[in-house]
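Chain lettering (A, B, C and D) follows the sequence in which the chains are written, and residue indices restart at 1 in each chain.
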Amino acid sequence: MPLSPEQLEQIDAQRSQTQQTLRVVSAGMESHLYKAHEVLDHGFVRVVDYMGDDGAIVQAARVSYGAGTKKARNDEGLIRYLMRHWHSTPFEMCEIKLHVKLPVFVARQWIRHRTANVNEYSARYSILDREFYIPAPEHLAAQSTVNNQGRGDVLTGDEAQRVLDILRSDAGRAYDHYEQMLNQEGQEGLARELARMNLPANIYTQWYWKVDLHNLFHFLRLRADAHAQYEIRAYADVMCKIVADWVPAAYSAFEDYRMGGANFSAKGLDCIRRMIAGEEVTQEGSGMSKGEWREFEAALKG
Amino acid sequence: MPLSPEQLEQIDAQRSQTQQTLRVVSAGMESHLYKAHEVLDHGFVRVVDYMGDDGAIVQAARVSYGAGTKKARNDEGLIRYLMRHWHSTPFEMCEIKLHVKLPVFVARQWIRHRTANVNEYSARYSILDREFYIPAPEHLAAQSTVNNQGRGDVLTGDEAQRVLDILRSDAGRAYDHYEQMLNQEGQEGLARELARMNLPANIYTQWYWKVDLHNLFHFLRLRADAHAQYEIRAYADVMCKIVADWVPAAYSAFEDYRMGGANFSAKGLDCIRRMIAGEEVTQEGSGMSKGEWREFEAALKG
Amino acid sequence: MPLSPEQLEQIDAQRSQTQQTLRVVSAGMESHLYKAHEVLDHGFVRVVDYMGDDGAIVQAARVSYGAGTKKARNDEGLIRYLMRHWHSTPFEMCEIKLHVKLPVFVARQWIRHRTANVNEYSARYSILDREFYIPAPEHLAAQSTVNNQGRGDVLTGDEAQRVLDILRSDAGRAYDHYEQMLNQEGQEGLARELARMNLPANIYTQWYWKVDLHNLFHFLRLRADAHAQYEIRAYADVMCKIVADWVPAAYSAFEDYRMGGANFSAKGLDCIRRMIAGEEVTQEGSGMSKGEWREFEAALKG
Amino acid sequence: MPLSPEQLEQIDAQRSQTQQTLRVVSAGMESHLYKAHEVLDHGFVRVVDYMGDDGAIVQAARVSYGAGTKKARNDEGLIRYLMRHWHSTPFEMCEIKLHVKLPVFVARQWIRHRTANVNEYSARYSILDREFYIPAPEHLAAQSTVNNQGRGDVLTGDEAQRVLDILRSDAGRAYDHYEQMLNQEGQEGLARELARMNLPANIYTQWYWKVDLHNLFHFLRLRADAHAQYEIRAYADVMCKIVADWVPAAYSAFEDYRMGGANFSAKGLDCIRRMIAGEEVTQEGSGMSKGEWREFEAALKG
């Protein structure tokens, strides 16, 4: 259970204080504000603030393209046009701020997206809580035998049990020692900034993460993808649902053009043209390597 | 008069639609929303959206530094501490979106600040309005004789009149020709993206500009400074007032540490120590160049 | 002729000073160093420094993916893999610094790419030269009648002549007045930062522009594209040739996946699948708008 | 000893291949190229590429400020002027690429500097080595009793021994279990991306890190500072020496204005003026809080 009674109370308090504003309001987003969406065994994502809605994207585009735009297209069509033509700046006009609790190894992947603002809980200054990510049995995957970076079958039986036992006992012992180093009977105790080095990468941290919608879409395209590590994808999937409620037209265009779409090379386009013309095209005749051809076929099948 | 009756009506409409929100609200900012603050002869700055307030800065800092922070400091003291120690990330948690109308030569300085989001009116797509910046007589400055980048005395009399006549007539003729090239009797007319090249740098453009508070402070430190060109400073000065109403504690710290403060080199510090000890320090004994010493004395005098 | 004899001499001098280095050297790039590639009537692009080559991309990827990568793929295959899967960070390991001379209206489009470093000639501090872009007759295009943002037929005869006359005489007069305002008989002259406002957008400026290869590819994808304005595309085309000599494998992958490739939406993919299966698909049955269908057909035809 | 015989051989090979280049060469930097500077017990910093030198900063500034600059100042004076007036873009014209081996908890602090390019060794794809940071006895500091974020006295005797025993045995056990989970007798073994979560934050990782000189100075100002955690400061100190050899004039200005300088608030300036005038100023009369006054006095004393 990721949330303490105090935290739940605080969320209730935050959700009970309605105020008046002249700003644009997204009804879908108001329903999410402050609520904690649980992710993994102790993590969560919650929206703590936002700016803009679908209309704000359209408004920014119309500053750029002038009054003529108004007649030519409805809002949804304009948003689809912007997404299709990689116009990024109108999507940058929306902003979201999230409070996220996540394991450190997920945080390390996440932070590689540099165009965002972050304030993370400091283990130099404060003491981390005793909370570790232990995978659910159905996510205890073996190393893939075909892909250096992927997962294969799920471990079962004794093998699964042994892994879970190791993760649990090592995490517990590391935390016991962390506490002992910090707080030694009649002695000063090791500096927090040093003691933390004993803690494993499945310990939970938390941060405030603020990003604009264009960069959020980029994050989601990579992290809600089937090739992303399951643990970060779990966060991305929750965020996709939130964004769909926040900016429904933009999210729908994102799903169509980015998540559900595909990019083909000049070679791939040539093969597609030949296939439409009725030709039987094989890897040998495609000009692609085996790996590339496999991905090409997968994209065509969907 | 920068605003048309239609624009004023639109602003009234925007300010009449109050909605409910669970988000943090800044009362000072709500009073600014959508209103156009006039700048120069045809320009304006208006806030079209914002995220966060002083409390959001504190909240982000406390995620970082943990619960211990709460007891030790009140909010204003914490904000001053963050500003003093160059902690930038908590200030990045606030965001503002402005609609700005400004001469092109000001826009060209402004855009050099890269960490912001911009959607500018497109002269490829749309036709620019006949609006040019013509300096007020009191801003018609001569080239400085001591500073390659600065202004000297104000021009007066015939000389001033001649400059104003040139600026007005050249702008008018350039715009007449722009229109003629765009729209030629019984002919197609030159492409907008080409015709615009005839327009001078004092024509007005407009954009939506979105930035976080940390980067906004950086912009204001450079552009509300006495060494900035007057025309961009006029915008920065208006923005300072808006920010002071939005996040009073952060703005007050910014004024004390950045706008009113000074940075001294190791050499400068050494001189200050000797001066406090009662020594008479001169440029020759300071280790500084003449220019540097002049700036040092100016900073000390204030 | 964009280059003065002094500039040509300086380039010769720069190209005559060979030095020893332990750094990676790109032979293709050494042949470009300092040389001015002429663009438009007075502009140029010249490489003034670079870092890395194809091998540097591979080296960075292998730090990430470890030793296992070495056996599995040759360098070119790895670069293609990285491009195909949108791995941007290895391409960021190469850097280029260009000296560019370009009309101000081109500079205004160019600067919208924010992830680069720029030092532009300052018209606050210095006096601009009397050099203006006047389109060659074959680029004097009419406004497109089907595309708000595009060009149509080329203007000819009297109409073309009239436009050229306007552009030339307005530029000349604006510059004459610029000089007169700066330098008034027996008087101080208007400050440079003010006088420049009289100059039109086809005056030439220059800058040093430094960017990493990933962001350069992004720039080239948008600006060497058929939809980009001709004048910036002229620069992008020259830069493409330089990059092809610098990092041949990366450029070849860029051409195949980005310039020659296409992105299809989920709807587009569905249509392609039906077309390969022999079905006759029309706009009505595609789920796409008319404009989108037109673009879809164009992408398929190539 | 951080480097294996293979690595030392590879460095020798890299340093033996001199090539010709037309680019600017920094003699000081050539002497560093590829060499590994040892940091902590298993870490290192080594320069793998660079672009530019002091002259490149001056060259970029002179593009901006035009020919007039040449007469007015020598190169060193110009660099000092740029640093004093916070002109960042000329310093962005130099770039450095480092190969760094560092503990994960140091990497987590480092990566917060977002304006850099990074390729890190991937523990999803590859297997990490058995190398952990164990502090030298003289760095085994207790938690500070006056500063939540700092270190106090060094631990000694049994207390120190106990901490070292814990860090060593926990790291060893965590790595044994990591290997056992990866590679289980007659079984597939846990996916690498999951097994790594058992590893503590003192395990070493490595990356290529590329940054421009302006952002590097910003990093060094914060991380070579007395308030930075010792372990990241050890890296920053080594990097300071490298930069001093690379761009001596820029580094000297950085030392004088940033590392050795101080920033005073408006209140602080007022106190300094009163002190120079002979007044005895106390905290009570300063308008500063106690903490701020303590820092003010420290800055004045140096």
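In this text, a residue touches a chain if its C-beta (ideal position, glycine included) is under 8 Å from a C-beta of that chain, and two chains touch if they have at least 3 such contacts.
By chain, UniProt protein names: A, B, C, D = Flavin-dependent thymidylate synthase.
If you're wondering where the values come from, they're calculated on a predicted model, not measured in any experiment.
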Count the touching C-beta pairs: is A-D or B-D ahead? A-D
Cα centroid separation, subunit C vs subunit D, in Å, comes to 35
Would you mind pulling out the distance in Å between where the CA atoms of subunit A average out and where those of subunit D do? 29
Expressed in whole Å, how far the mean CA point of subunit B lies from that of subunit D is 33
Multi-chain contacts in subunit D: which residues touch at least two other chains? 65, 68, 89, 112, 118, 122, 125-126, 148-149
Are the chains arranged, by touching, as a line, ring, star, complete graph, or other? complete
With touch defined as at the start, can you tell me which subunit A residues reach subunit B in the complex? 14-15, 17-25, 30, 33-34, 48-52, 56, 59-61, 63-69, 89-90, 92-93, 95, 97, 99, 117-122, 125-127, 206-208, 210, 212
The subunit D residues in contact with subunit A across the complex are 103-105, 108, 111-112, 114-115, 118, 122, 124-126, 133, 135, 140-145, 148-153, 155, 159, 162-163, 166-167, 170-171, 173-174, 177, 180-182, 184, 187-194, 196-202, 229
Note which residues of subunit A are touching subunit C in the complex, please. 65, 68, 72, 77, 80-81, 84, 86, 89, 112, 148-149, 222, 255-257, 259-269, 272-273, 275-276, 278, 289, 291-292, 295, 299-300, 302
